[in-house]
Amino acid sequence: MNDFHVAQTSGVLPVLLPLAERMTRAALRERAMGSPTLRLDSSHGVALVVAFLCGCGITQAQSQAADPSIFTTLWKWTPLLARGFVFNLAISFMAMAIGTIAGLFLGFAQISLLPPVKKGAFFATHFFRNAPWLVLLFYCMFLLPFQVTVLGVTIPIPDWTKATLGLALPVMANVSEIVRGAIQSIPTTQWEAATSLAFNRRQTLWMIIFPQCIKRMLPPWMNLYAILTMATVLASIVGVNEMMTLTQRALSAESRPGLLLAFYSYVLLWFFLYCYPIARWTVRLEARYAVNQ
Amino acid sequence: MPEANSEPIVALRDVHQSFGDVEVLKGVSFGVAKGGVVCIIGPSGSGKSTLLRCINGLVPIKSGSIRVADFEVHNLRTDQEKIALRKEVSMVFQQYNLFPHKTALENVMMAPIYVLKEDPKEVRERAIALLTKVGLAAKQDTYPGELSGGQQQRVAIARSLAMRPEVMLFDEVTAALDPETVKEVLNTIRELAREGMTCILVTHEMRFARELADEVLFTDGGTIVESGRPAELFDHPRKDRTRAFLSQIL
Amino acid sequence: MQLVWDWFRWLNESTGINLTIFYDQFDRSRFASGFLMTVKLSVICIVSSVVIGVVGAWIQGSRLRVARTIVHWYIQAFRNTPPLVQLYFFYFGLGSLLKAAGGGPLITNVTWAIVSLSFFAGAFNVEIFRSGIEAVPRTTLEAAESLGFSRAQAYLRIVLPLAFRISLPALNNNLVNLVKTTTLAYAIAVPEMLYVSSQIWSDELNVPVMMNVLLICYFVLVGILVYLMHRWERAIRVPGFGI
């Protein structure tokens, strides 16, 4: 039934530690979220830097005397990689924005009182949740037209837009589940109190239930964004010129051996620096919410 | 004290209610006169809370009739009709159920503004007066999470009063409180009753029931086993089940 | 059987819905092999990731600090990086290193995909199993030992079954995710369902139809897994505990 609503039943068996209950609750929460919580901390950053330095070391060891140093090479390619990274971030913003708005609609539709709306929303949510992200990406790349004519104006739809929409689909499905789970986790006593005060359903949802949901939705939503940011590299498979593609091009342009580790750990460092604050903030919000419960 | 005219403001006749296959209420009938105070006592699982929830339409009944003021509760179908009923009947819950994201004052003000569509300034004045009445004028701008259980319960009572109901239902409102705070809540209810509010209370507080109730109903297994004035029921219970129950708790 | 295929041929001629994977012998066998490859990848990766998880959880309980640290960093590396990058690292990075060392042809791209995905899911599994074991109190183990069980027996018969039941929801999440992640093998030309479908639609030019078929197939595959998962969780649950 409710993915979030474990607390109703008996609680912890005296035989099992509270850790067991927390694990089950976390698992069900992650099921609703669609992917596990990203837990990054500074040690990961340190490890990445170490890996990067090792990579540089390997490159230096394998390079000829005439080759420029690894740092020079990286510095040469950095502007291009930076453009690619900004592109990844732009895709992630847009996909998140579109997916969140659509997901909000779908999530509310899932708790509608009209059976066809509720069933349709349920089906749509689970359909897009079950599909692999890459397949949805392909779907949008191939099936969206390359231009659309609206009111006599022809608007071209470039590849990166299709990729953005393709990534927005699983975001929509996951946000829908997050919304539904959050609404269902608000105790029924709140609904009872509001109903007894003669609020109608719309008033109850908008003024009492949903404001309380927002705090609960924030950690999984932010986690989803961190996961989405890392998933934007999938766009390289469908031919979008984002950071991954550019890295591969750079590697093949520099025909020196042994650049792989240095370059990839460089790229990963960038992603880490971006996702780290988000992941930390998510964990902190999650802990704060758990305490207040 | 109940008014002289004998037409009860709340009248239940042979109410049956079930959850799935389990029959919870098996033919409950009683009436409450306007201004009267009725206390319902009984062991847990006897259907007391369900009974209250049937009276304000939160739970539908299978058969029988419930009349509250001019409303035939069992015949209410649309949400509009139910909302109209709930403007006359207010309920206070065991777990207070305040809205945690609003201050005490906002909790009290919300329903009159959005449901009764009254003028916000007037509602604010009335809300402050109500909070003063329950002794919490200083806590207007605190959030429920910062209030004690007894304070939250009093805010809940003020919130229900803000709707100016004809009947107030209290569902074991002191059961979740520790003994010191029980008193402050009971004082508030006592004052309400003295002012002539029709109250139906489900409670375990026997002394309170004895002092304040016009009639006490003892329910067990979904029916009213015995009813009568508190002095009679508590001192001279007629049925064995009543006697057994009272000896367990008194 | 031929009647069924002929019906699809008729479908194509009358409505234009070109499902060559049914009526064309070659495409049919291609798609079937792709589907089977996806299933094969999923099953092998599930099994090996569980094994990796068990081994890793066991190492994490060891007294050697070095062993514990290695497993810790393995988990962190594979948990927090995009699986695509891991795949490239294995195939292009380690793959080319091995080729240079002369071990090339034995390790196909399918094998690399299995290795990469197993380690990816295995990282999560180690955490899951470790937490499951830790959730069983020490006192249970003590009680078992005072009843005469040896340490190994106590673990095998009491602690691990309990830990497994506790871990199951998280494990199931991970396994469903793994099945969905097998599509990434496309990037290294593994002939799984997505790759084969892309070949078919570039040959037969029936992209919309094939994409829909693909979506439906994944929906059904994952749906079956999720359903089995729920059934299993319900069957195995500890009465009085949580869910």
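Descriptive notes on the structure:
Should a chain be cited, it is by its letter among A, B and C, assigned in written order, with residues numbered from 1 in that chain.
Here is the rule we go by: a contact is a pair of C-beta atoms (placed from the backbone, for glycine too) under 8 Å apart; a residue touches a chain by one contact, two chains touch by 3 or more.
Predicted model only: the values in this text are computed from it and were never measured.
Taken as a graph of touching chains, this assembly forms an open line, each chain in contact only with its neighbours along the path.
Of all chains shown, the one whose average CA position lies nearest the global CA mean is A.
Greatest centre-to-centre distance from chain C is found for B, with centres as Cα means. With centres defined as mean CA coordinates, chain B is found 47 Å away from chain A. Note on chain placement: the centre of chain B and the centre of chain C lie 56 Å apart, centres being C-alpha means.
Between the CA-based centres of chain A and chain C the separation comes to 20 Å, rounded to the whole angstrom.
The touching residues of chain A, counted against chain B in their complex, run 189-190, 192-201, 203, 207-208, 211-212, 292. By the touch criterion stated above, chain C contacts chain A in their complex at residues 73, 76-77, 79-82, 84-85, 88-89, 92-93, 96, 124, 131-132, 134-137, 140, 162, 166-167, 169-170, 172-174, 177, 180-184, 186-187, 194, 198, 201, 207-208, 211, 214-215, 218-219, 222-223, 226, 238, 240-243.
Those residues of chain A whose C-beta lies close enough to touch chain C in the complex are 6, 9-13, 15-17, 19-21, 23-28, 30-31, 35-36, 38-40, 43-44, 47, 126-127, 130-136, 138-139, 142-143, 230-231, 233-234, 236-237, 244, 260-261, 264, 267-268, 271-272. Contacts from chain B toward chain A in the complex involve residues 56, 58, 79, 83-84, 86-87, 90-91, 93, 95, 97-101, 110-111, 114-115, 145, 156, 159-160, 163.
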